[in-house]
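Going by the order they are written in, the chains are A, B, C and D; count residues from 1 in each one.
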Amino acid sequence: MSVSEPKAQAARISREQLAARIAQDIPEGSYVNLGIGAPTLVANFLPETLEIILHTENGLLGMGPAPEPDLVDPDLINAGKLPVTALAGAAYFHHADSFGMMRGGHLDVCVLGAFQVSERGDLANWSTGAPGAIPAVGGAMDLAIGAKNVYVMTDLLTKTGESKLVEACTYPLTGVACVTRVYTDHAIFDVTPDGFAVREAFGENTVASLSELTGLEFAEIEAVQLS
Amino acid sequence: MSVSEPKAQAARISREQLAARIAQDIPEGSYVNLGIGAPTLVANFLPETLEIILHTENGLLGMGPAPEPDLVDPDLINAGKLPVTALAGAAYFHHADSFGMMRGGHLDVCVLGAFQVSERGDLANWSTGAPGAIPAVGGAMDLAIGAKNVYVMTDLLTKTGESKLVEACTYPLTGVACVTRVYTDHAIFDVTPDGFAVREAFGENTVASLSELTGLEFAEIEAVQLS
Amino acid sequence: MIDKSVPDAAAAVAGIRDGATIMIGGFGRAGEPVELIDALIEQGAQDLTIVNNNAGSGDSGLAALLARGRVRKVICSFPRQHDSWVFDGLYRAGELELELVPQGNLAERIRAAGAGIGAFFTPTGVGTELAAGKEERVIDGRTYVLEHPIKAEYALVSGWRADRWGNVVYRKTSRNFGPVMAAAATTTIVQVDELLPLGSLDPESVVTPGIFVDRIVGVGDRAWLNEGDFVGGVDIEGRPLASASTGSATGTKRKVDQ
Amino acid sequence: MIDKSVPDAAAAVAGIRDGATIMIGGFGRAGEPVELIDALIEQGAQDLTIVNNNAGSGDSGLAALLARGRVRKVICSFPRQHDSWVFDGLYRAGELELELVPQGNLAERIRAAGAGIGAFFTPTGVGTELAAGKEERVIDGRTYVLEHPIKAEYALVSGWRADRWGNVVYRKTSRNFGPVMAAAATTTIVQVDELLPLGSLDPESVVTPGIFVDRIVGVGDRAWLNEGDFVGGVDIEGRPLASASTGSATGTKRKVDQ
């Protein structure tokens, strides 16, 4: 999913630009979980003037930014195990309550990374299935099925040029028919009953060029039915 | 279960004596739930020198005695909806956590009233099954299956002289094979794999007289296997 | 800015539709959201299904809602109290449907709804008529019965203090069903004695995080708490407990908070 | 008098038998009961099954227990961290059994054990290889998978403050698995920074009531908290996060408690 050096390419936006674009779609008052890795970047682009409440599944609502280096509290970390802060209005709770919040559908948005997303919204993001790899799932499967809107943030293509949007996932699944929308460096795709629809194409990209890159045909945007 | 005026009868102990007798069997450090009605009397006989922690299922461990009349707090009541106090070391929690404590087997003792108890430890204490009666179960079924030791406190006989210890309950059940021991005004009975055994007979009562009153044959006390 | 507070109880219960299922917190009068119930009576929604531990006592609060004929069904564990005459009359007249649920199963079914659990196996009620017809399973040698979540469109809950994000703390045993109901309803409405500025509540002590709360209304000191009969204690046979009527006769005084 | 406190960590872990299942609290290093684990290493029990969210990081704490060859099986959600080399080596060598459980199912299965639930239907994991072979059921149009409780003989938990009855409060996100594990084990052992006199903890704020706790030990300030690498952050592909190594390089200083 990561690209070590972003190439100059008019058809792609940077990861920071993508994070900023995702942040635009999160309304004030939302309860949001940002998955570990690239999705945490989204927090940097949430306007400070808006109150958006971040959830971290290890037991905190109202998570704030990283602390000053000399104010790190080892008992206050996020799901990526990095030091964070707590805002006024925060609340701590235990793990069963925290995942009950997810599973019970109380989060408005979660943003996750992906290896693959299928046309019906299946997500693969926890295992490449590579032999000998140490398996680890964490909260990925709970997040995938637990928010009202599951947004994926990812490059459209792998480093070797393969599309991460696929007809059917070949990597082990994280969740079935769970993704609402995919934010990529080329375009934004909605998952619709008729497959992916191009919601917004960045720069030079067109529905035709995206179709060529992914090998997929896209649903008409009129068919979009967001959950 | 209740007798409006205790008769002078050498074969019976009073309800207060029975409560005191039950209190003797509760060791220090026990977590105890006393059911509404007569069982709450047991609290009056727990030695003040011993720390025994009372649970009330509406969300409190470390329940204390009734408050002075001018210090009643309407937000601090017991399962019988009477005003109580909280001791130093108390903790409040919500209803799901409170019943998780019971169901999870964390209480050492609960003391309940009964209409009937069967030889295999079935309890009937929530409904007489009378037509037209308003049914109400409360926490009775949770308490019946939820403590390590379920003690019943009851008169041995109904007002019309029928035994509350029976081969099989005829009233609607509260729980199956859940009673550990029955404290009555005539004697204490253990529930054993072979039926009731007379653990202790009060006053003039003998195994033979108790057998006559109840119409039951009793297991040898040697067969007692307490849980 | 997130501000879930609304100006008064009428605004808090606005929009509740006929036929709704409404969870109402409280165990007896402790935690009963009386001001919200009074507003619901004014608001007019009818044909309601009410989820509560009890079924009203005396003539106020939930009992008053029942008395107005606005409730079709009650899901509860313990309707019978010495002062549940309103419920008793309607039930005997066949004008109220009752689903009786053991108290712990009631709490756990509500908790399951909020926590996204599809169903669960509980040992409570096994072999009794309240489990009749329900699926049984033996797990590790013990018999369990399958119970399903109880959800609701609305929850009316009484807390003690809250902030504008909807974080709530409770007082003592008035906590009871509030936290699980708040999580189990689509729209959760909480009345509190006092609304405090954001940041006033200790994050370690918040019991209901704001994510579960949609509307908050400050109702001030609950005057009825200090007046008369708030208890409805009964013995195992349903008779009023002596000390309950004593409490009623002498009146009560609210203890100063620690 | 009830006094669950024991003089030191060695006394706290006394009697743990070979072959036991032991829950160990913590999410990464937050809430990891390092002093109790060190005592368990000294104590000598082996052939253990460990339930933890992770599988150790660096060379201390849980990783040190693994390195001693004392663990047969790990039940966890996320063993792979940039500094989980001890686990990684043992797992690749086939010397450790792994049961991988989605984190929310792990928490709920532990909660179920403590709350006396026989099994529950969860939507998490449905259609994935972690639910392969498990019973599925469609309830109200959604597919769920049946999961069973995880129980343990022992739980080792790290809290912040406790009293002699065993009431415990936690600090911030170190709460994580502590409360559910404390309820799910036959014998629950809690280390805290500070033991306080009975009555010092606000009854409204107690998170783990003493009923779930068997032994309490005060370990003082956890010095390791203030030293070096306590984080083990990784990105989605398992690579260390840049800021994690920064944190490690600069060291950390414990924030003054609010």
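In the analysis below, contacts are C-beta pairs under 8 Å (C-beta built on N, C-alpha and C of every residue); 3 or more make two chains touch, one makes a residue touch a chain.
What you see is a predicted model; the values in this text were computed from it and never measured.
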item	value
Touching both chain A and chain D (chains)	C
Pair joined by the larger number of C-beta contacts - B-C, B-D	B-C
Distance between chain centroids, defined by C-alpha means - chain A, chain C (Å)	38
Distance from chain C to chain B - Cα centre to Cα centre, in angstrom	28
Multi-chain contact sites of chain D, meaning residues that touch two or more partners	108, 111, 115-117, 122-123, 170-172, 203-204, 207
Multi-chain contact residues (two or more partners), chain B	60, 86, 92-93, 96, 99-100, 102-103, 146
Pairwise touch network: line, ring, star, complete, or other	other
All chain pairs that touch each other	A-C, A-D, B-C, B-D, C-D
Touch list for chain A against partner chain D, complex	1-2, 35-38, 56-60, 66-67, 69-78, 80-83, 86, 92-96, 98-100, 102-103, 113, 122, 125, 132, 134-142, 145-146, 172-176
List of chain C residues in touch with chain D within their complex	108, 112, 115-123, 137, 139-140, 142, 144, 148, 169-172, 202-205, 207
Chain A partner contacts - residues on chain D that touch it in the complex	27-31, 53, 77-81, 84, 87-88, 91-92, 98, 100-105, 107-108, 110-111, 122-130, 143, 160, 170-180, 207, 225-226, 230-238, 241, 243-244, 247, 250, 252-255
Chain C partner contacts - residues on chain A that touch it in the complex	28-29, 31, 51, 53, 55, 60-62, 86, 88-93, 96, 99-107, 146
Residue ranges of chain C in contact with chain A within the complex	1-2, 111, 113-117, 163, 165, 167, 183, 198-199, 201, 203-204, 206, 209-212
